[in-house]
Every structure is written in structure tokens, then in C-alpha cells.
Amino acid sequence: MNKLRGILLPTTTPFTDSEELDLNALADNIRKWRAAGISGFVMLGSTGERVHLEESEYLRTLEVARREIPSDGAFIAGVGQQSTRGTIAEIAKAVQCGADAVLVLTPHYYRAAITQEALVSHYTAVADASRVHVLLYSMPALTGIKIEPETTARLSEHPNIMGVKDSSNDVAGFAATVKLCPPEFAVLTGNGTVLLDTLRAGATGAILAVGCVVPRMCVEIFDAFNRGDEERASHLQAKLTPLAAAVTTRFGIGGLKAALDLADYRGGAVRAPLRAPDEAAGAEIATLLEAARAAL
Amino acid sequence: MNKLRGILLPTTTPFTDSEELDLNALADNIRKWRAAGISGFVMLGSTGERVHLEESEYLRTLEVARREIPSDGAFIAGVGQQSTRGTIAEIAKAVQCGADAVLVLTPHYYRAAITQEALVSHYTAVADASRVHVLLYSMPALTGIKIEPETTARLSEHPNIMGVKDSSNDVAGFAATVKLCPPEFAVLTGNGTVLLDTLRAGATGAILAVGCVVPRMCVEIFDAFNRGDEERASHLQAKLTPLAAAVTTRFGIGGLKAALDLADYRGGAVRAPLRAPDEAAGAEIATLLEAARAAL
Amino acid sequence: MNKLRGILLPTTTPFTDSEELDLNALADNIRKWRAAGISGFVMLGSTGERVHLEESEYLRTLEVARREIPSDGAFIAGVGQQSTRGTIAEIAKAVQCGADAVLVLTPHYYRAAITQEALVSHYTAVADASRVHVLLYSMPALTGIKIEPETTARLSEHPNIMGVKDSSNDVAGFAATVKLCPPEFAVLTGNGTVLLDTLRAGATGAILAVGCVVPRMCVEIFDAFNRGDEERASHLQAKLTPLAAAVTTRFGIGGLKAALDLADYRGGAVRAPLRAPDEAAGAEIATLLEAARAAL
Amino acid sequence: MNKLRGILLPTTTPFTDSEELDLNALADNIRKWRAAGISGFVMLGSTGERVHLEESEYLRTLEVARREIPSDGAFIAGVGQQSTRGTIAEIAKAVQCGADAVLVLTPHYYRAAITQEALVSHYTAVADASRVHVLLYSMPALTGIKIEPETTARLSEHPNIMGVKDSSNDVAGFAATVKLCPPEFAVLTGNGTVLLDTLRAGATGAILAVGCVVPRMCVEIFDAFNRGDEERASHLQAKLTPLAAAVTTRFGIGGLKAALDLADYRGGAVRAPLRAPDEAAGAEIATLLEAARAAL
């Protein structure tokens, strides 16, 4: 459980220019992130282009990542098929590759059918079957499905559900979730744009795509907040927010990978139909990155 | 090309009560649908719960369906991964199982990145690589992505793209698409609620989930329209519309399968988290089905 | 159990000239074989080039065959990986495709380790785990491993092991097996060259590659023997023996497929490195086939 | 090419007591072997229980091994399906996991069909299609198929075939192969029992299972021979021979893994139906290992 405190990274999956998996680049990145103070990783969630990988690529990626992450760090695999049984089967494979917890995306394709009641049934069945802890994943910007605070509260009673990653960008809903769940239940934000706001609302930690680019900055916001240095935290958050927006909602994974290349990580290519950002977007990312670094 | 005229069915995939694949039931259904005058089938699109099947189940289903459909009928496989390369690989496997064309869903997971420009690149690459004809598939209710008329028009120039299934429920957009595309390009509706409207707008045919339940009725609307019997067509459409809404947007695939069971087809179970309709919904479906049949 | 009486066929797997799977040809063959009085089939054993198929091809082939074979006929899937756990996993998949029993080849790659004791452990674990009945398969010409009569006798006590296919060409060993096993245990020969000899020794039936070419002839030998017409049985066996040798040990699966083409079945290509027989071999097969047919 | 000089190891694949893949143990072993002076590895050949792994386990194992072996070391993947097309497909996957060459076992299941002529066709097609260098693999004790010296000589002309691993234990045949092939063609022995004999016959190197247990001893024999110290080489070979026999032909992979455990490597379990050696065999292995070490 303590593994879910602080800043975790939802890692990208590097590809070569011909869109082949580049696991050496991933391993390099993980080593650098660890050197920057990051101990927890979520592999192959939305940021990791899970949906762009064949199953054998997915398993090879988990295997390699597992070997770069020491056993005292969190190694969480992103999973989430549309059917309950498919999700259960996928978790079993991720566990074989060493995942010590899973981040389970909501089903969403038949979205009209995915009521809060359906989510309770789905996650209960998944958590019953999983040999490792389950983390709920609410990502309405991509899926159109939100896990409501009351739903999270109901699911938090399941002994195998240990927390939620809330990427809704909705601070009020986040605060409600924290209030409704038991204190040992981990409520993490997935939006770098509201990191400080959610910490104030009671977040135990965060899983941040922008953290891949500026890991120390995210850690420092978390630490400053915890030692009561609101001024420092606010100052950094002001610079983090526009960068976080740029590498997520505005320019997507192409933007995030471009930022990684600028920050001396190995970003690499995205798989089509995703694209690298155009020149103007690239220049803006560079400016925002420089500003963020200067603040640190 | 002529295979794309008239009424085609997007078949459901039957499961047993324990959610196992029931290919005998599928074969029974296909024989009945053929006896009802249907010659074209789209397997494993949205209606076929493609996203609920493992890859080997997907291939086995295509294989069995292919064997029930004579070579003069249309046998179209639903495909569509999130990445361009994944989609190309999936098409190659569907072709090995005998698909003579593919219905290619838009990528949609990273929806902000799926611009009309990205769709042009994606479908062009897919059509270049596919050994069989490609049919575009615009299904905004599930994906959040619409293929605009101008985009369809650009893609209609590709020699390997033969048509589009438009499930947008937008008759004006449908009419615009027909006008912008060459006459030999097939523009089919996927919405039974607007079948007659789209025929008036120039549809060459339709791929209708409600057609699985009342195939003769859909065929008769198509035929009545073509022989100029607007009155008959309108009379039937009035009864088709509420049934079509019930077995698609209102009660989803659970509703459609319940309707199939009522209509002496083999509906069977859905895979969780989907559910069968509750009693009230079931009663309503029964009423609408009876009314539709009485009109025919 | 009664399904294991009489003549069963170990079917070939047809390929096109480019070595692609040709399941239409397989379905045609099965229909013809059924019309010739065959009700039991063993799919994808040695004769079926199991080792030349990818897993998805294996599953698709089982699925198609299952649909051509009525439920009162025997539908037995050939299985047999080198490890016990791999064999158990393979059986589970074959059962999903409708197999109502499995023919389990001995492990053999690490042949020095495959003692009779190891076979007892292996088959016991496999039979414990299998949801369908298990048939042992002793095929020393290909594997170098023979299941000895005493071993078969020990395994015949397992409630889920229903019989053995003995392709050792060793009539004395066959007779010993029959004597040592309980009467309800099925002992079948896999060698057409000794069909009549093994019937005399107590065979309940046979699984014969040569039966794919001359099914009626094999059935007639079985029937003649059972009605006490030794003369007819001997007369036919004399013609069957050289043909059986030609399409198995002498010219292999290439020879068998060539004979099928000559006999108006769909033989098709073999996958490399196997080859079609050369001209002289082809001529000899034709002569032997004609002689066999003339005798019938 | 120079990577094929000296002693290479055909690594074992460690399993836990419940027969699950243990890739941490494999990585530990590789690090130790490298510290002992070994720079080349053949993964997942016969010694690596390739036939006991599912495809995804095979790929994960290659991926992990690749990461432990520096790019100046040889990283050769064991491959070899029964069909030519299956072998070609398998090589493509191994290359994706980073193999820089492949050791291709002879097809053997339909052994009567695997003539020397068939081997020439098979290996030529495989080498034409492979993106990395091909090493022939003659292992008659397991396969019943031997690649004759003349056949190797014909294949040595193919620009993509760089050598042969000859595990026939036949020194005269080995010498004939060396004479018939061009000097830059690598002829390696796979039998520790005849290491020195084959070096005298012109071996460029060796791929030795016993080398997993006593890597320094094998390297020292190679080095002593090359610096002309026949006495030292002979002295060590005398102790290596009985140990090599014990961990290969006599007690198999179970014996080899037991020896690894004794030698402070991570042997681990074998997958059933293989077994660990019994107590007497274990004691004998310990004695032979001690004697070998004392000689060094």
C-alpha cells in the first residue's frame, strides 16, 4: 500500500522510426526515472499505447520493465478489456510477467450499457479473480465513462481493491471520493494540471504523464506540500500546469514523446494513426519545458 | 460490388449461459436468415461483440460463418484496431478465414488525435495493404468519431475502398456523402430508424441490427421503395423505427439478443458487463416486435 | 465408448498449392467419407500434419471439422505436446472447439527420459485434468517411444482413459495389450497393413490412414470379419496391405495425399519439407489403388 | 563470425517448483556465466527446453536474455519447427526479440521424409528468408536425423549460413565436415565428451551443456589447446568427459539442472514429464563435479 504514495509514472512505450518496439529505450528511461527519485511505475496504461501493442509485445514489455524496477518499487500493469472475462484473463498474464498490482480501465465500448451498477459488478468480479491488488481507473476523456465517488466508495470495501486513479480533472469529485473512502484506500490523481489541488483534497499520490518529462519537479511539489511549503508548491505548480496540458490533452502522446526527447529521455516514435507534433507545437513544448525547468 | 446492394445483417455472436462461444447457434441463425432472403453478412462488427472475443474465438467465428454463407453472398468481416499496423495485421487474418471484404471501424481511443486528416492517412494505408475491398465504418455513438462527407469523398477515390457504412443517424450528412461520392461507391446506412429516409437520400443498401430480428420486413421496405410503393414502405418503416431503436440505442445488444430469442432465432447470452434486459424492457421489446410483425 | 468400434479415419489436412489451409477441401472430404459409411474421425494426429500448423490454424480446423461431423459420430482431436502442462492446456482448447475425446501422443523429444514410468505419470496427470475421454497413442515409427502392453494395462484402470491407438505394427504386442486390459477398454490398431491380424487379436476397431483412400474396403474387412467371412476379409486384406504400406511408411503423407487425389478426394499439397511423390511413386500408388478397388 | 569462436553455452531455462518460468534465475545465471568468461549464448535449444515453453514464454525468455548479454557477445536463438514455413515465421519472431543469429534444428517428426535432399531445400529456404545468420543444428540423438558432411558442405555455400553445431558425437564425421567446408565456415561441436578431439579436428568452437556447469574448465581446455599445451588440455578433458556424459545423455536435463544447483548456479525444476535425478544419480553427479573442479 505504501507503494502507492507519492509520484508514480505512467510510462510511454518507445518505438523506433519504423514503429518497432524499442525496449532498450524503455529500460534506459526507467533507469533515468529511478535516478530522478521515482519508485513506482504504471506500465501500459493509456500513456503506454497499450491499445497499439500486440499481446506478445505487451507481455515482452512488462517482462523487461519488471526487470528494471526493484521489488521495493511499485510495478503496476495497465489492463482492461471490454469484457469481464477478457479482463480477468489479461490480469492473469500480467501477473505471470511480474505485475504486483493492476490498474483496470473501465469498459467503455458499449458505453450506454456501462452504468455505475455495471461497473460495480465488473470490478467486483475482476477483484474476486485477481491474484494481485486492483486499482480502479477512471479516464472519462478517453472512455466517456466516469467512476462516480459513490461507486468508488462501494468498491473500496472490496479487500482486493486498493485504490483509484482518477483522471477526470474534476477536483470536486476527487475530494468527494477521498471523503467517502476509508483512509487506507489510495486515491491518486492522473492529471498533472491539478496535482496541487488534489493533494489539498487528500490525494495520497499521483500517476502523471507529465512526470515522465519532469519527474523531479513533480516529486518536489509533492514534498513541498507535505512539508507545508505551500509557496514553493504553488510556484512550481504554476509552471507544471501548462506543460502538463501540452503533453496530454493538447498534443497527446506525440507531444509527450517529443517532450521526452527534448528532456534527454528516449521518446521515440508513436504508432500511426498518432503523429509527432508539428513544428509550432514542438516549439511551444520546448518553451514550456524550459520554463518548468527554470522554476525548479 | 453488387453484393453491397440491399439489406445486409451485422450478425450477433451467440454465447451459452456460461458465456462460451456457441457457434452452432450462429450457424442456425445464418441458415434462417438466408431462408428469409438475406444474402449478405457483416460478422463481428459492433453488433457481433468483436471486442468481447479473444483472437482465436474471432478467427473460429469467421471460419464457421464463412462456411454457412455461399460464395455469391457477401461475407464481410468487421475489423478495426487502434493502430494502423494492428488493423492491417487483423485484416490479413480475416482474409485467411475467407472474408471477401472488411468493414473497418475508425480508430478512436486517442480520440483527440483522430482528426479527419488522420482518418485519411489511416484508411489509405489500410486500403493499400488490404488484399480485399475495404468498407469505411463511421459509428460515432460508440466511438465519438465521425467520418465527415468530405473525408468519405476523398477516400472514395481509392480503388480499394468500395463504400461506407454510416451509422451516424444523420440523414443530412448521409445525403451529402451520397452526392459527393461517385455513383459506384456504396453508401449504406447502419440505422434502421432511418432506413427509408436514407434510401430516399440515395442509399444503395443497409446493414441493420434490427434486420437480424425482422429480416423480411427490412427487405420489403427496400423492395417497396425500389418499386415506387412509398405508401407500403412508409407504413412498414413506422413500425420498424421503434423496434430498431429498442434493439440498438435503447436496450443495446442485450435487447437485440432478447428480441432474437422472441423471434425464434438463437439470441443467447451477452458477455458481462453487458446484461440481458430487465422484465419491463423485455415486455416492451415483445410488444414492438409483435406490432412490427403484424404490419408485415 | 461405442463410438470407438469399427473404422475411424485419421484425416489429412488439405493445403492449396501455396500451402495455405484449405478447409473447404477438408469439409468436402468429410462429407464423402461419411457417405462411404465412416462415422468416426481423428483430426490432426500425425496424418493431419498437426506439427505443420500454427495454433490458430489448428483451432480453425477442429472447428470446421466438428461442424461436418454429426454428434453421434466420434470426433477425436489429436493432441500431444512435449510437456505435461502443455498437453493439458492443448486439450482444453481442443475441447472448446468441440472435441469429444482426445488422442494423446507420447512425449518423445527427450526420448531417453520417456520411460514407461514417465508415461504412466504423464498420462495420469493428463487424464486427471482432461474434461473429455483420453485415448493413448503409441506411434514408435515417428516418436521412437512405444507404450508397452503392461503400461497400457496400468493406465486402462484410469476412469478417463478409454483406449489406445497402437500404431506399432506389432501384432504380438497388440494381442498382449488386449489380454491385459479390461474388455470395455478400446484397443485400436493404427496400421492398415495388419488390420485383419489385429481384429483376430481382439481389436475393437482401427484408425487407418489408408482408410481415407479406400474407406469402404476397410469397413468391409471389418464387417466380413465380424460376420465370420474370413475368406472375404483375407481376400481384401491382401490388396489393402501393399496400398496401406505405400501411403504410410513408404511414401508418407505426400503419398497419401496423392492417393486421395486419385481416389476423387481432395488430397492437395503437403507443407515443405514434405514433398509430393515423384512420378514413379505416383504410378505405383495408382496401380495399387486400382488393384484394391478391383478387389472390392 | 568471430562471435562463433570459443566456448558458447546452450542455456537451461529455470523453472520454479511449480514449473513456472523463473526469468530472474536465468538472468542471475547469465551474469555468472559472463563473469566466468563466457561471451556467447544459445538460448532455447534442446538444453533450454524450448519444446516445453508456450510461444509467449519463449519470446519473454529471449527478451530477458537479450538484455543480459552485451551486444559484443553472441546471442543465438534456438529455433526449428517441423515445417519450413513455420520455421521461417519463428525466426522472424526471434529476431524481433533481438537474436543476432539462429540455430536451426533439423525437421524430424516425419523422419522418413527428411532426406539429405530435403534438408538442403529446407535450410536453403530458411536461410533465404532469415534476416539474421543461420547456424545448422545436427542433433541425431534426439531427432534421429543427421546432417551429413557433404550436405553441410553444400549448404556452407549459402551466404547466410555461417556454420553448424554438430552434436552427433562422431569425431570422424566432424573432421570430414571441417575438411569439406570453407575455412570461414564455423564448425562447432555440441558434445563436451569430445571437445578436445573436435578441436584437434578443426573445431572453431563449441556449444556445450556441460559448459553451463563448469564454464572456466571448458574455456581452459580451449585456451590450452590453442596455446599448444596438449598436456593440460588432455588432463582437463579426462575429467570433463564423465561429467559431460552425466549431465547430457545419462541423466538428461534433470541431471544438468541438479549439477547447476550444486555448482551455485540456479538450476531449478524441469517440466514434467522430465524429472529430477534420483538420489544415487545426484550423488554421482556431485562426485564427478567435484573431481572436475579439483582438476582445474
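Structure notes:
Labels for the chains are A, B, C and D, by order of writing; each one numbers its residues from 1.
Just so it is clear, contacts are C-beta pairs under 8 Å (C-beta built on N, C-alpha and C of every residue); 3 or more make two chains touch, one makes a residue touch a chain.
Keep in mind that what you see is a predicted model, and the values were worked out from it rather than measured.
Its C-alpha atoms superposed on subunit B, subunit A is turned by 180 degrees; the angle is given in steps of 5.
Farthest from subunit D, judged by the mean position of CA atoms in each chain, is B.
Centre-to-centre separation between subunit C and subunit D, using Cα means, comes to 35 Å. One finds 54 Å separating the Cα centroids of subunit A and subunit C.
Inter-chain centre distance (subunit B to subunit C, centres taken as mean C-alpha positions): 43 Å.
Contact with two or more other chains is made by residues 55 of subunit A.
Those residues of subunit B that touch subunit A in the complex are listed here as 19, 46, 49, 51-52, 54-55, 81-86, 89, 107, 109-114, 118-119, 121-122, 125, 142, 144, 249, 252-254, 271-275. Listing the residues of subunit C that touch subunit B in their complex gives 20-21, 23-24, 27, 55-56, 59-60, 63-64, 67, 93, 96-97.
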